[in-house]
Structures are given as C-alpha cells and as structure tokens.
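Submitted below is the structure of interest, expressed as structure tokens.
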Amino acid sequence: MTSMSSLNALRTDKRMVIAATVIMGIALAVLPFIIGSGLGNSWLRILNFALLYIMLALGLNIVVGFAGLLDLGYIAFYAVGAYLYALLASPHFGLHLPVWVIIPAGAALAGIFGALLGAPTLRLRGDYLAIVTLGFGEIVRIFLNNLNAPVNITNGPQGISGIDPIHLGGFTLAKPISLFGFTLPSLHAYYYLFLALALFIVFVTIRLENSRIGRAWVAIREDEIAAKSCGINTRNIKLLAFTMGASFGGVAGGLFAGFQGFVSPESFNLMESVMVLCMVVLGGMGNIPGVILGGILLTILPEIFRHGSGPVQVAIFGKILLDPEALRMLLFGLALIVVMLYRPAGLWPSTTRRREFRGDSTNDVLKEGE
Amino acid sequence: MSYSRIPSMTLAIAAAVAMIGCGQKEEPKPAPAPAPVAAPVPPPPPPKPEVTVQLGHVAPLTGPQAHLGKDNENGARMAIDELNAKGLEIGGAKIKFVLVPEDDQADPKQGTIVAQKLVDAKVSGVIGHLNSGTTIPASKIYFDAGIPQISGSATNPKYTQQGFATAFRVMANDVQQGKVLGGFATKQLAGKTVAIIDDRTAYGQGLADEFEKAVVASGGKVVTREFTTDKATDFAAILTKIKSKKPDVLFYGGMDAQGGPMTKQMKSLGLKAKFLTGDGGCTPEYIKLAGAASEGQFCSLPGVPLDQMPGGKAFGDAFNAKYGQIQLYAPYVYDAVMVMVDSMKRANSVESAKFLPEIGKSDYQGVTTKIQFDDKGDLKGGAISLYQVKDGKWEYRETIGGSVVAEVKEAVKEAATAVKDAAVATGDAAKDAMKDAAKEGSKVAAEVSKDAAAAKAAVEKK
Amino acid sequence: MDIFIQQIINGLVLGSIYALVALGYTMVYGIMGLINFAHGEVVMIGAMVALTVIKLLANSGLPVFIIILLALAAAAVVCMAVGFSIERIAYRPLRHAPKLAPLITAIGVSIVLQNLSMLIWGRNYHAFPPILPTSAHDVFGATITTLQVAIVLIATLMMAGLIVLIHRTRLGRAMRATSENPSIAQLMGVNINQIISITFIIGSALAAVAGLMVSANYSIAHYYMGFMLGLKAFTAAVLGGIGNIAGAVLGGILLGLIESLGAGYIGDLTGGFLGSHYQDIFAFFVLIGVLIFRPSGLVGEKVSERA
Amino acid sequence: MSSTLLEARAIDKHFGGVTALRNVSLTIRQGEIYGLIGPNGAGKTSFFNVLTGLYHPDGGELIFAGEKLQASAPHKVAKLGIARTFQNIRLFGNMTAMENVMVGRHVRTHAGVFGAVLHDRRTTREEAAIRRRAEELLNYVNIADRADDLARHLSYGDQRRLEIARALATDPKLLALDEPAAGMNGTETASLRELIEGIRKDGITVLLIEHDVKLVMGLCDRVAVLDYGEKICEDVPSLVQKDPKVIEAYLGGSIA
C-alpha cells in the first residue's frame, strides 16, 4: 500500500518524488524481513512469485494495454525463458552457463519468438487475434511437452529437474548468503534479485510509455487507420510491442526456472495466460501502477482465500460447511466478476481512462466497442 | 571401455546381494539430511500430557484431478483418526496428530508455495504430493528444511534420484511398474504385437516408456505408439489407427477418466486387442466409465491386493464406510502416514531430524505391501499385482516381482552379460588384456553365482 | 479403405459435437460481439443436470426415450436459467464498458460455475448409465452407433433451425438488426435487452443439448469437462467465421475431420516425427493458416478496412 | 506558373462489381487549394483513400513530388509528405490533444527503443522538439487551451482543428482535408476558412473535399467534380459552376 500512495505522489509534486522514492525504497528493502518474520516464509515465496507476475503483467501490458492487441498466449514467452534457463543450466545437457548469460539470452530468444508469433497475426483484429495467440501459446506448450522424441530436447512431460539455482558472482541464491557477519536467507536474496529486475522492467516500461514508441503503440490501440495515416509503420510498431512484451516474459521465465529448480510444461498452460491477462485488465490496462497492483492482487488473493476460507468458516459457523478449496476458487471467481462490474476500467485505471468513465456519453463508449 | 565396468559391476552386484542376503541389516547409509532450521534438542518431554504433531498433506483439491486429491487426503485423514483413537505415546508424551491439508492444484508453482507454508507451519512430516510435477520442486524445500516427505502416488523416478535424504515413496515408480507390465503383456497375455497410448503427462508417458522398453526386451513388437491428453474424451481417431495395425494388446499409460471411455470406444470400433493399463486406470471408476466393455480387461497396482494383506480388508471396509469408494491412492497414502508414525515410534521422537533416519530403516507391514526403502527412498522389492475385470469387478490375478529371488536372478544375468561384453569388446588388439579379462570375468562370474546361491538360500530360509 | 472411412466418420461425429457447442458461441458473438467464455461451463452444467435426471430415472421403468426427453428438458431449463442470469449479472452491466471487461467477468463466471458444480456434484467423474442402445451400424466396414448418427443429425438440424429462425422470423430480424447496429435497432423499436436475453437463452438451450450429447457419447461427465470442449468449440467457431451460424457448423466439422485425419495419418506420413501427440495443435495450425489468408474465417463477413 | 505536386493518372478502383473510380486523372499544383466535389457516393473519399495508400488502386498511378506513390503503404505516403484528415474524425480519443499532435511528429522523428529507455541526449532533445512543435501547432489551430484534455472530450469543431494540427505535425507538402466543414456552423466554417488559407500561405498545398459548395467555390483555386466515379470537370470555380454536366450531376440543384 505504501507503494500505491507513493507512486501517486510521483505524478503530482516534484519535491515529493525524492521523499516518496526514499520511503518506498526503504519499505521495499525491509519488506521481506517484515513479511518473513511476521507472516512466514510462505508469504515471502508468494511475494517472490508476485514479483515474477508483475514482470509478466508489465510485459503483457505493452501488448494488450498499450498496443491494444489481445494476446491469450503470452505465457509461451515465459515458457521460452524458463526452458532456455533449464536447458543451459542443468544436468539435462550438462551445461551450466552463468545467469548473466542466460537471462539476457532468454529475453532475446523470447523476443524473437514474440516477433515470429506476432508476424502472422498482424492483419488480425480483436477476437481473431485472441484465438490465434491462444493457439500459439498452446502450440509452444504442446511442443515442449512432446520434444523428447525423436531427439530429447525438452525431456517431455517429465520436465527438467535439478536446474542450477541462480548464481551471482561467487554466491548462490539457493543457500543463505553470509556477508560481513550478516546472513541473508535464500528467499530474501531471490526477493532482492526479483525486485531489482522488476524495478528495471518498470523503469523501461515507463520510459517507453513516454516516448515516441509508446505514443505510437497507444495510437494503434486507439485507431489503427489514423495511426497509419500519421506515418506510423503499424507493422513494425506492433512487432516491436510483441517483441518487447515477450522479452519481459522471457526474463521472468528464466528467473522462475532458477528459483524453482524444476520446469515442466504444465506450468505454462492456458490458464496461466488468462491469469496474467486478468492481472492487466483487472489492475487497469495501460496504467503501470494499476498493472502492478493487478499482479500483486491476483497472486496474493487466492493465497488469502487459501489461508482464510477454512478458519473463517470455523470462526463463523463453528465448523467447515463448504469445502474450503472449492470456496477459495469460488471467491476468486466472484472477485473477478465484482471488480469488473464496479470498476470496468480496472482498479487503478490510467488518468485518461478514469476520465473516460466519469459520466461520459454512451456515444463515446460505443466507439470503444467497435 | 567395458573393461573398467567389470569391477564396478561386481561391486554393485555384491552390494545388492549383500543387502538382500542380510535382510534386516542396514547398509551404511550416508548421514541423514542436515536440518538447519530444526530446533536444538529438546529435553525429554516432562509430564506434559499431550503433544500435538502436525503432518502436512498435499494434493490437488481443485481442478481436474481433485477427486484423486481428495481421496489421498481421506487416506491420510483415516490414518490420523485411527492413530488418535489409539492414543499413541512417543517419547513419554501422549501424541495428538493433526492433519494440515493443502491444495497444490497440480501446479508446480503452487506446490512450492504450499510446501513453504507447511515448512513455516513447522509440520513434522509431509505426506504427498500427488503428482510428480509438484512433488519434485517441493521436495527441495522439504529437504532444505529437513522435513521428511513420503509420497503415496508420485511415480516419477526423478523424485528420489535428486539425492534428497528426505524423499521417500511407498509406491512403485514408473520403472518398476512399467517393467512388470511389459513382461506381463508379452508373456502372460501372449502379446506378440502391442500398441501403446499415453496421455502425455509425466506419469503416463513415464510408465508407457518403461512399458515399451520391457516389451521390446522380452521380444514383443510395438506396432504403434499413440498419444492423447489427460483432458481428452474422444479417442476414436487413434483407436482407429491402432485397429489398422491389429495389435494383440493395447496398453494405456494414463488415468481412469480416459481409460474408461477409451475402452468403450475401442469396443464400439471393433478393436479386439486386450486392454491393459497401470495403476491410474486400476479403479472402480474405470469399470463404471467403460461399462460392459471393461469385462476381461487388465490393470496393475503396486503392492499386494488389500484383502490379501493383514488388516487390508478392514481398512477397505472402514474407508468405504467413512468416505465412500476408494478412488485410487488412499491406501498408499494411509500407509505413508503409518510408516512415518512408525518411524517416530522407533526413534521415540516426533522431531523431524530424529525420526528421519528411522524412515529409511522402515520395515513396515502396510495395507498395500511390506514397506522397506532402498537407499534412494524408493520402495524396495516393488511387488506389482495384476487384476482383471470379471463380472464388473476388478479381480486379483497374480502378483509379479517383489521377490528378492527375481532381483538376484536379474542381477546375475546382467553381470554375466557385462562380463561377456567386456570380453568381446577388448578385441584382438589386446589379447593379453582379453585373457586377463576372461580370467577375471570368470572369477567374477563364479563369485557372483556363489553369492547369488547364498542369497537364494538365505531368502528361501527366510 | 474401411479405416479411412472410419476416420471420416470419427471426424464427423467429433466435429458435430464441436459444432453443437460452437453454435452457442457463435450466436452470442453474432449478436453482441462478445466471446462468452463461460459457454463451455454451461454445456457442463447441462451434462451434469441431464445425467442427474437420468440416474434418478434409470430404474424407474420409464421408456428410455421419455427419460432422455425429461433429462433434456430439465437440463434445458437449468441451462436457460443459468445463461439468462449470466447475461444479466455479468455481461449486461458491462455492455458499454471497455471490451476486455466482459472477457474477465466471463472468466470469473467460468471459475464460479466450475466450483459450484464441484460443490454440487462432487469431484468424481460421473459415468453415464448404460441405458442407450449401443447398436452399431456397418458402413463399408466402418462402424457408427445410433447415438452418433443422432448427434450428426441433431447438429445439422439445429443449424438449419437456427438459420430459419434468424432469416425467416420476426425475432430473427430483430436479432439481425441488433447485431448490425444496436442503437439503430433500438430506434426502430427493437427491445435489444430482450433480444440479447433471448439469444442467451437459446444459446444455453443449445448448450444443454450439447451437454447431453457429449456425456452420452463419451459416457462421462465431470465438472471440468467444459473447459477443453469450450476451447475447441470456440476455435471451431472462429475457423468458420465467428458470428455465422453455418460457419460454426462448418468450422466444427472441419476441426473434427482435421483432428481425426491428422491423428490417424500424420504419424505414418512423417515417419513418426509428428504423431497424435500433436492432435490438439493441427487445428491451430489450420486455423492460423486460414486466418492469414481469410482474416474473418471461412465464411465470415469480410470486414474490410473502412476508412 | 507553379509546378505540379501531385499527378493522378487514370486511377481505377472497384469494390466487387461496383466501380468507385474510373479513369480519374487530375493534377494538383504546388501551393494551390484544390477542391474535389461531387454528389454523395461520387468517389471522393475513395480517391482520398487511394491517394493516402489505404486502398490499393486497380489501375493507374499516382506521382507525388516526382515520386511514384506506393499503394497500400499509408505510412510511406505520410512520410513522402501527404497528410490527411477523415470525414468522420479519427482522433486518438483516449490521448490528450497534445499527445495526438505529438503522434503526428512520429514520422519525422527517429528515437527507438534504446533511445527511449536510455534517454540519451539526442532523444531528450528530440522529445523536447516534438513537444515544442506540438505546442506551436495547437496554438496555430487555436486550441492550445485544450492541450491536456482528452481528444474525445473536445467540442466537434475543436476536434476538427485538432485533426488538422495532427496532420500538420507530419510536415506535409500536401494536406488532404476530407469534408472539414461538415457539421460546422457559420462562424466555425468562417474560422476554418481562415485556417486553411493560412496553411496555404505557409506553403502547404491543400486538397479539399467539401460538401459546402460555397466554401469550396470561395476558397479553391481549382475544382474537380466527380460523378459516379468519373471526373466530369476540372477548372477554376467560376467555370465549374457553369458547366452543364456539373449542374446535371447535382440534378440542377442549387450549385451557385
């Protein structure tokens, strides 16, 4: 919540910026210790996953939020990054390349995949684009699941285990790191690494948003024909959106593989793509703080329900009436519906979108639905 | 090349033989897992009346495999209820077991999150997870925390191959089961030609791969290998293709939800092959889903049938009365809990670090089989029982493997082959070497057969 | 040759099932331009309700035909109610919202329906009672069951019925007008809320039929069955040209044939390099190929870039 | 006598069986205001779309500033120096007026991803220039006070102006306006007229499709008339008004 208010401040006052940054920096730095000791390491692990999902959501936000291209196969790029890491740093091929080689390579390869998958879809719009990207996502997953024969590349459904943990310099993040008599537990170390990369991605996204490229993306989203007539090469700019978005996914995927130590195709199914899309839309499409909020919420919400659905029932009724696991997913589904009904532009829409929803005529909105 | 293999082979065989021969005596085991977070040794519990011991259980409780997950959980719950009713005393304190059930949605990421949650909750041990895909990444977290884990259903060999001293399973792995099934298909079912379908999950594919190897090794021919998914309902296309290859046996590596409809469609397409499947299809659900088409089909389950085991029938009846029809792995999960608690009793402690070494030494008569672990944490022996549908019910046919004799026989055969290979491979270029090899080889062979004979004798005596 | 004919029959049956479900997608899309992602779950509810009724009546001594009709009626009523409520609760308030908002509520509805169904019917697979005749007919050495013949016929009849409804009736005209331009339709005196509700109700009734057919054909029902089915049917609808009734059936049948022939022959054609493990993606490859050359599907309207 | 800026040679365009343009040839000279009129459905907008690369012509070619225009490449056409507005305004509704104009500068700027992320000196300078130019243009069309408002919230007239500012941001040699006065009242039309004249004065050639015949006749140097996809007349306004074919095309309507 600190990050919310401080990010808001970023927009209003120049002097506030420094103060907010410092406060936010301190908050983010001590967060793992507060969470780790207060709520337990499982919440720290959840937080780490939340950071990965933030990266994914920010990547998808470029494609869906900025450029307005509905992509239902985004998780494929996460998979590409994860498998690249798994193949280059595990006993599977006996390769153990360092992380500073693999992560950029993962970003690059995912970016290339993004362009390759984006190219045939350029003429498609809306729902047709959605189904084709969905198809691409499934194609990637199914290939990962089956490329164990005739040549064993991905080890098929068995997945790849024994993946090297992330090493930085002489340190492995898999074990507690001792520095100057201070011990940093493994989960904390991963947190700082993920946080650093997530912040980097936020930075890149903000810079892109406020650039010639970012404006071109939004222009395409708003009106492709007008954008063309303004001299925007929509083909290249769309491909760039796919590439940039995919490369963020590739980074997150690599980190995921190193963090988990195991990858298998089942982590990259359609539901995951859908979840990331929900983060973007629920948070507030096209608005970076909103997307971050969406990523955090949708990662921790099911976990809150997980921790709460049993005990709360016991507290209220004295016993468990409804199966807590079914209830958990039920509440999650309801949350998606309710949030969208009350905040159709997302929880934290960009200022422009918010204005759009303040008592606007239906005339405007009809245009939206074209 | 092969020359250098001889000594190591010998060693391995000798070790195997010694192990088998010595029965209960334990081979020196590497020190148990470090337990970095374990609390310092507590003083023997003073007159405290009751100690609560938490056991974690993880399986998918939502999503397509939820029915199996709930079944597993019920198995664990049943064990814990029984234990609590009995009122165990360990380390001088009365023990109350509490089950901490978690849902991993069959998702590896969720698997690690709930694993961490269980570690945070300071559970003494973990039963699960159900799927190999979630079990493998989670096992690292348990290992790091020094918490023992026994899975009743994860069959991927990788799980116990990671070198984690905390990882055990009370279920035959894919290799063990696939081997038996392959032999059964070619020998008992007299299948000269075999078609294989798997569902492209870690379980189905692993089992089918091992099955295929075993079929080929025993002289059968795999005429076609087809694939489906664990969400499919329509198999007409692949079954039609298989029909064109006219196999004697059709093996399916996958679950009942696909196996049942598959059998039904097989019949309506006029495919006459015998249907054989592994534990995933060895359920009453299979018969319900396949209907009349299930008659005469085969499946396998690790272990020995419930009603042949002491207490097995009672377990089955009690479970059915309490939770309804056993789906699949509930008895294995039940055994997993019991093995863990048995180890606590022997260690006289509920501290993970204390009873962990005892798990490896288990020799427990479970409701599914006699449970002993090898040095990796895999079920030793691995008896596999085969069943056939008769009058709409699975009926026990026979149990294959599980006998030490069979293992010895195999080891001897392998050693002899190795020796022969070595002799041949050295070739003309090194006649001396060959001579030596031959000499040594025959010596080894003699030794091996002597050991084997001794082992056999020991076994028979037992 | 009999094998080839069998594969064609397999494809037709599978395709008809896809078509039955795809009709529901395409109807809603045709009127509202909305992907009703929860449609697969409505099919699942239909299957579950029908199965429950059949199980209850299986030993009642009633003729099979009556049991099936009663089951269908019950399933249709429940599905129509569910469909109507979904539209009212989750879609109508968002009719003027950004396009992706209803997509997210659809996903939410889908999750809710799945888990509700799990609470009601449990986690286990349900087997369809063996009350239907399993007689198989011989077609040039290949076989087809009576039920399968019925499925193909029903899919065709439904398509024909819907086409007549849309092109020959007052209601159909109102639907077309709504689809063409809701605000003008409203000006012409069409109650678009009513039309959209009716569309959802008809689509859901179709889902009930599809649910019954699917569970009867595969003799299995499960709370998770709607997901994969919905996905495939959606693909079929897009392949044919979403929004077009005949297109949905064409797309469904084509998809069934592609999967069937692909799984049956690609292994031998590629020397084992590709096999039936790629069954689920042949359709996507074809879909991508079709959409590259015909961006609006096979028989979809050509939406030219209007400047 | 000024030189030729745009030459259309025998342009044909069909949609299915319908002919939208048949053998249309016309020449626009550097620095003039050229009007294109005709009854509804005469093919004016089709000609615009062919000219700006949105439609692929079925025959003929377009020569612009000595270069052959590539069909179906609107962004290249924009780069060569043809900017346009749309009959039914196509702004980027959810962007501010300022941003709309900034998008127009896209084609004359270069910053890529690396520049955008690294903010090197060239990029910052370019970005500042874009902003400056956009401000100037908003001033020029007289809507500077609405710079930070969403385009969709501007009044109709202001939206028209904004669209012109966005088009001007591409530094066009030829500005093609598709019915800019449609729906405007008298005062608005008058000030639009001033604006267009100003643009011409700044050296930009203007191609104008317009229904408001009075505006066209008063503003244009030359006028071409399309009817059923064919050019039936091309001349100075005073002569066009007297052309019997034109009068007939307008059904003897009140052309003068």
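First chain written, first letter: the chains are A, B, C and D, and each begins at residue 1.
Going forward, a residue touches a chain if its C-beta (ideal position, glycine included) is under 8 Å from a C-beta of that chain, and two chains touch if they have at least 3 such contacts.
On a predicted model such as this, the values are computed, not experimentally measured, just so you know.
Touching chain A and chain B alike: which chains?
Looking at chain B and chain A together, the chains touching each of them are C.
Closest chain to the overall C-alpha centroid, by per-chain C-alpha centroid: which is it?
A
Just the number, please: Cα centre separation of chain A and chain D in whole Å.
From the centre of chain A to the centre of chain D is 42 Å.
Could you put a whole-Å number on the gap between the CA centroids of chain B and chain D?
Spacing between the chain centres: roughly 75 Å.
What's the distance between the Cα centroids of chain A and chain C, rounded to whole Å?
Each chain's C-alpha centroid was found; their separation is 32 Å.
When the C-alpha atoms of chain B and chain C are each averaged to a single point, how far apart are the two points in Å?
It comes to 41 Å between the two C-alpha centres.
Counting only residues that touch at least 2 other chains, which ones in chain B make the list?
In chain B, the residues touching two or more other chains are 61-62, 66, 200, 227.
Multi-chain contacts in chain C: which residues touch at least two other chains?
If we look for residues of chain C contacting two or more partner chains, we find 115, 118, 277, 280, 305, 307.
Which chain A residues sit where two or more other chains touch them?
Where chain A meets two or more other chains at a single residue, that happens at 145-146, 225, 323, 326, 329, 353.
Mind pulling up the chain D residues that touch chain A in the complex?
Listed in rising order, the residues of chain D that touch chain A are 52-54, 74-75, 78-79, 83-84, 86, 90-96, 99, 102-109, 111-113, 115-117, 119, 123, 126-127, 130, 150, 152-153, 166-167, 169-170.
Enumerate the contact residues on chain A facing chain D in the complex.
Touch residues, chain A against chain D: 203-204, 207-208, 211-216, 218-219, 222-223, 225-234, 240, 244, 352-353, 355-356, 364, 367.
Please name which positions on chain A make contact with chain B in the complex.
Listed in rising order, the residues of chain A that touch chain B are 40-42, 44-46, 49, 145-146, 148, 156-159, 161-162, 186-187, 256, 260-264, 266-267, 303, 306, 323, 325-326, 328-329.
Using the touch definition from the top, list the residues of chain B that touch chain A in their complex.
61-62, 66, 103, 106-109, 112-114, 116-117, 119-121, 132-133, 136-137, 140, 144, 156, 158, 162, 200-202, 204-206, 227
For the complex, give me every residue of chain C touching chain A.
29, 33, 35, 89-90, 93-94, 96-105, 107-112, 114-116, 118-119, 183, 231, 234-235, 238, 242, 272-273, 277-278, 280-281, 283-285, 287-288, 291-292, 295-297, 303, 305, 307
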